[in-house]
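These notes open a run of structures that come right after.
Both of the next two complexes hold chain A, though its partner changes from chain B to chain C.
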Partner chain A sequence: MSFFTITAGALNGLLLGGLYAVTALGFSMIFGVMGLMNVVHGELLVLGAYLCFFISRALGIDPFVATLIVAAILFAVGYLLQSFVFSPVMERGVEPALLTAFGLSIIAQSLFLFYWTTNTRSINTGYSPVGLKILGIYLPVMYLISFGLALVLVAGVHLFMTKTYLGKATRAATQDPDTAQVMGVNVRRVYAFTYALAAAIAALGGTLIGMTFSFVPSSGLTWLLKGFVIVVLGGMGSIVGTLAGALLLGVVEGVGGAIMGTGYHDLIGLVIILLVLVARPTGLLGSAK
Partner chain B sequence: MKVGKAPLWWGFIVLLALALIAVPHVLDRYTVFLLYLLFLNIALAQSWNLLAGYAGLISLGVAALFGIGAYAAGMTIVHLGFHFLLGALFGGVLAAVFAAIVALPIFRFRGIYFAIATLVLSEALRIFMVNWKFTGSAEGLNLPLESGTTLMWYYYVMLLVAAGATLLVVVILRTKLGMGLRALGNNEASAQNMGVNTFRTKLYVFLLAAFITGLVGGIHASKMGSIEPYSIFSAMWTLSTANTVIIGGIGTVLGPVLGAVFVIILGELLADYQTFHLAITGALLILIIRFIPAGIWGQIGKLTLARRPEGGGTDAP
Partner chain C sequence: MKKALFSVLLIATLIAVPIFAAPSVAAEKTVVIGAIGFLTGPASAGGMAAKAGWELAVDKYNKAGGLKIGSDTYKIKLIVEDDAMSADQAATAATKLVKSEGAKFIVGPLTDGLKNAVYPICRKGGALMAAVDGMNASRALSYEGNADVAPDKPLFVRMHWANDEIYPQLFDYLQEHYPQVKKIAVCGVVEKSEDLFFTDLGKKLPPMGLQIVGNLELIAPDASDYVPAATRVLSAKPDGIFIPISTPVLWGFMVKAVRELGFKGPIFCSTHLDVDFTSTIAGGNATDIFGVGITLKDMESLSKAAQEVKAEYLKKYPAKDLISDVFLVGYNGMWVLLQTMEKAKSVDPETVLKTYEGLTKKGDLQTLWGPAYVGGKKTLSVNRALCYPYIIDTCMNGVSKNAKTIFVSVP
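== the complex of A and B ==
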């Protein structure tokens, strides 16, 4: 282990952080807007990966083009889930909604298993396994693409939230659902839209996971936990904070993996999160509300 | 009527106990094994219910404590030649020690943060165990066959643990700790104002639940004969336990028992449709939360009106 390996680990981690941001963004939005700990988020990502895998193959199109179709499908799925499954139990508090999401996650996993078996899959294109060598450091091209997409996506969601009516309505519903309702915001619809948007972003997250790594029906949990770590690091529900948290997690994992060995790569983030939470239960960048 | 009720209960319990002691001599091995699983479910469900149903602590970390118990038992049985009961007891103790260590940081979380923190802890532990060479990393451990321990042995041991866990809940609810617990489950802030030491109350039930869960894990490790981190630290343990309690009736003493019976029977009915078993279980969980949040036993209590479900947290899981 040398200075070089650590630098390489940190740089790779930073870029990988972009991918993490895309996968965690929807989770963070749902939590931030409606306080729902959406533990089925991992399965939404995996569903996105599977759909992209099959659609891009069947139509012979680039995975990123297929993602547009998948995003539309997941948008609809998300809208329906929030309207008919979550909305009725959310009035009773956060725990029933959490356990409902838990139930959905099990249903999704066993259906994936039934239809798509335990086979490890990945979305392959001509460019997905390619890497660039910059200053002697090997950087997978997918990391660079993910990083660029993450920046665009975060900026887009941020603009949407601050500039459009729907975005403003969403922020109003976030701050105070009751008052927003009185002021004429349809809070239920805002929630459904938020969930739908988050699911659509998960479609892109799934595509990136499938192209960069591989996935099986049970892959969701790993990504859910990463999302949780990111949301805690970046402050609960903040969009820009999600990007910051994701990049931070990427760097820490990259450096930690370079020092301790790759077997412990996934463990590092989880340990950090526990330590951070002990010191600051509202997250690293979050303000104490 | 009230005068005659208590002896009736006692009569029922004595009969049930006699029947449960007698059945392994009569029934076939498979049924005895199913009953063993039933007791295992009851014991885990009772300890989870103590946390979620009464203290308002939704733990998604059952697998962590179960796994610690299983591995502690496995390691002491393999390397130190412990008898399996001693190993399982050690498993329970180690799970409780682990719970005591993590209690301080983890009790800072409220509600869903607590739930996710326990899930993170449990997953972190699983990844660690997959990598830890000392415990055989991903391959795990092979336990020696105990001479003279048959399925019937495990049946009786697990019966004792399940009955003990149920009795423990009944006893706790009648003590000062139980009163503090109910106050805590209803509203932590007002419990604190009323003079309940909420941290200590939570700590005690957390340690008790951890001990039972670890003990069950230790016994099961010995019963299985081999353990590896993926299945032992699987989130399935957490899921099936939470499921059992919610279906049966959260925050009630008999809910976990009824839930376990229901889950085991459902598992048998769906034995030919293994792939859909989990999906149906998940759907059932969602439907119960939505339409009968009090669970089966809680709903019976509501319908008969005469018997109010014990404890506070019956309205929402």
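== the complex of A and C ==
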């Protein structure tokens, strides 16, 4: 196995980590702010992919343009879900909310299957299967786009959280919901907004999944598990940590795949994660609560 | 006197009624054929397509009055069960079909591993199992768990080719259309027989002036990212890439990944797949890919019989479900079985088996692609594999065609 092949694997993995970051960001936000393990997040990604697939074809527009429409739809869906489904249930504790999310996940998969069948779909454009040669290494265009979008998105969310009133209110609600409520923050609305924003980000994640890979009704679980690994690795509740965790996972999988073959690259990724967690249980950028 | 007369008339009536009421013709006969396929799960589109093909073949016979077995006519009762690609469920389905439904013929299941689960149940119940889909590896590639026909597996016949029986023709096509290709990299889904393919290729390719480069690259069936595998395959600097065994999507994703990484050579596959579906997975503009399957984008090039089956499909099923050529494979396999039963003039599985083994002249059976016969005595030790014409389909610059008709013979 040549150094060139390993380098190519690492570089492709790093870029792929950008896609992982976008798909995991919404999950991280909800977990960080509300403490809710949003197991329906995978289905939000898949829904985003399906909506982008159909809207871009129906309107004859680029998938990234269609994503703006899909993001608006999922924003509304997320807001309503949190306001009317999760919010009442969360008052009774974490377990009911988790079970509710689990039930919603099953319902969503069944609906996808019923309406859209099991046919494998992917969102194709003229540029999505193209590679660019940089320094002798071919890099898939979609990996480059995903990486760029991940940096922009993470920076944007970070700035939002630190510089805007709503972002500060969200952080306050995360740290101490009761005190934040007393201080005039409408915690329920903050949670609803957070969920809605996470769902809108999932729309972009779904588009990237559809353009880079493919999807079927049951694809959500794979991405949910990856998101969970990334969030734990990067530090629960840390936006920048999510990016770091995703990039690390991508690199590890890329190098592991280059050395040992794709049959083992998931295993290698998980072993490395275990080692990181042994050394740093709160994750790369997480803080002890 | 009157009483006596009345009694005689009563007795005479009681005797006469059963005699004159007896039907002058025999009651309608029915033969139960069971079928097993994956109707649920991620690959269910293929299973449902096979089911559609089976149903269309049975409907054709039933609409024409039934299956003519000697002087009798049988209505065919087809019962299809789902195995969900699980051995347990396949065994349960087979048990239900053989024991509860009385099926004497079982068509399917559609994956090699499940055939091993179903066959013992069929054998014990005296039912003939007919494999109508492609096998990953024939008996000629010997390994534990090989699911192909064999002398020690009576009541098991095959109506489709195995990947190792067809790939030599793919390499002939490669040399005809890509004479500059000399170095071949091999990759495929994780599967027991892939190693045997690799070894077999290592022996067969050098005399053709070709060489294998790199190691066999195995890819998990649920992989989502193919770039690492493509990177490893391309590190050996091949001119062409061969995939002996693919999942429905692996070929398409490998095409996409290697093209993204700058590879321009041909990528070909010996698993039965519609090349247009592969092109869709690869990004819609695939080029220089070829394999063995029937592309639905070029139906006009096919036989009248195949086009009629497609027309019947569209009358009965939604057009949006017509995404796979597997319905033609399912139809063909069922049709061959029914022809054999007619020739055997019997619905007894043993008799049908013996008849099938004796149909060794070209034209003894008809298929959607032309006349066929049964072979395999030399390579499989039994005459139980269908030898028939098939298609190499290609995709060049996004345009899919049924490019060449070949004949798959199993000596």
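FYI, the second predicted complex is superposed on the first by the 271 of 289 C-alpha atoms of A that agree within 3 Å, B and C clash if a C-alpha of one lies under 4 Å from a C-alpha of the other, contacts with A are read in each partner's own complex, and residues count from 1 in each chain.
We adopt the following convention: a residue touches a chain if its C-beta (ideal position, glycine included) is under 8 Å from a C-beta of that chain, and two chains touch if they have at least 3 such contacts.
Just so you know, these numbers come straight off a predicted model, no measurement behind them.
Chemist: In the superposed arrangement, does A:Arg92 touch chain B (first), chain C (second), both or neither?
Modeler: first
Chemist: In the overlaid three-chain picture, which partner chain does A:Asn124 touch, first (chain B) or second (chain C), both, or neither?
Modeler: In the superposed model, A:Asn124 contacts chain C only, not chain B.
Chemist: Between chain B (first) and chain C (second), which, if any, makes contact with A:Arg189: first, second, both or neither?
Modeler: After superposition on chain A, A:Arg189 lies in contact with neither partner.
Chemist: Which partner does A:Thr5 reach: the first (chain B), the second (chain C), both, or neither?
Modeler: A:Thr5 contacts chain C only, not chain B.
Chemist: May I ask you to decide whether A:Gly254 touches chain B, chain C, both, or neither, giving the answer as first, second, both or neither?
Modeler: second
Chemist: According to the stated criteria, A:Leu16 is in contact with first (chain B), second (chain C), both, or neither; which is it?
Modeler: second
Chemist: I'd like to know which partner A:Ile107 touches here: chain B for first, chain C for second, both or neither.
Modeler: So A:Ile107 only meets chain B here.
Chemist: Once the complexes are superposed, what residues of chain A are shared between the chain B interface and the chain C interface?
Modeler: Touching chain B and chain C on chain A: residues 263, 266.
Chemist: Any idea which chain B residues touch chain A in the complex?
Modeler: 58, 60, 105, 108-109, 111-113, 115-117, 119-121, 123-124, 127-128, 130-131, 235, 239, 242, 246, 275-279, 281-283, 285-286, 289-290, 293, 315-317
Chemist: Given the complex with chain A, which residues does chain C contribute to the contact?
Modeler: Per the touch definition, chain C meets chain A at residues 41-45, 190, 217-220, 222-229, 231-232, 235, 248-249, 253, 256-257, 259-262, 280-285, 321, 323.
Chemist: Please give the residue numbers of chain A that touch chain B in the complex, ascending.
Modeler: 37, 39, 85, 88-89, 92-96, 98-100, 102-107, 109-111, 113-114, 221, 225, 228-229, 263-264, 266-267, 270-271, 273-274, 277-278, 281
Chemist: Residues of chain A touching chain C in their complex?
Modeler: Result: residues 1-2, 4-5, 8-9, 12-13, 16, 117-120, 122, 124, 126, 128-131, 133, 138, 140-141, 143, 213-214, 216, 218, 222, 253-254, 256-258, 261-263, 265-266 of chain A touch chain C.
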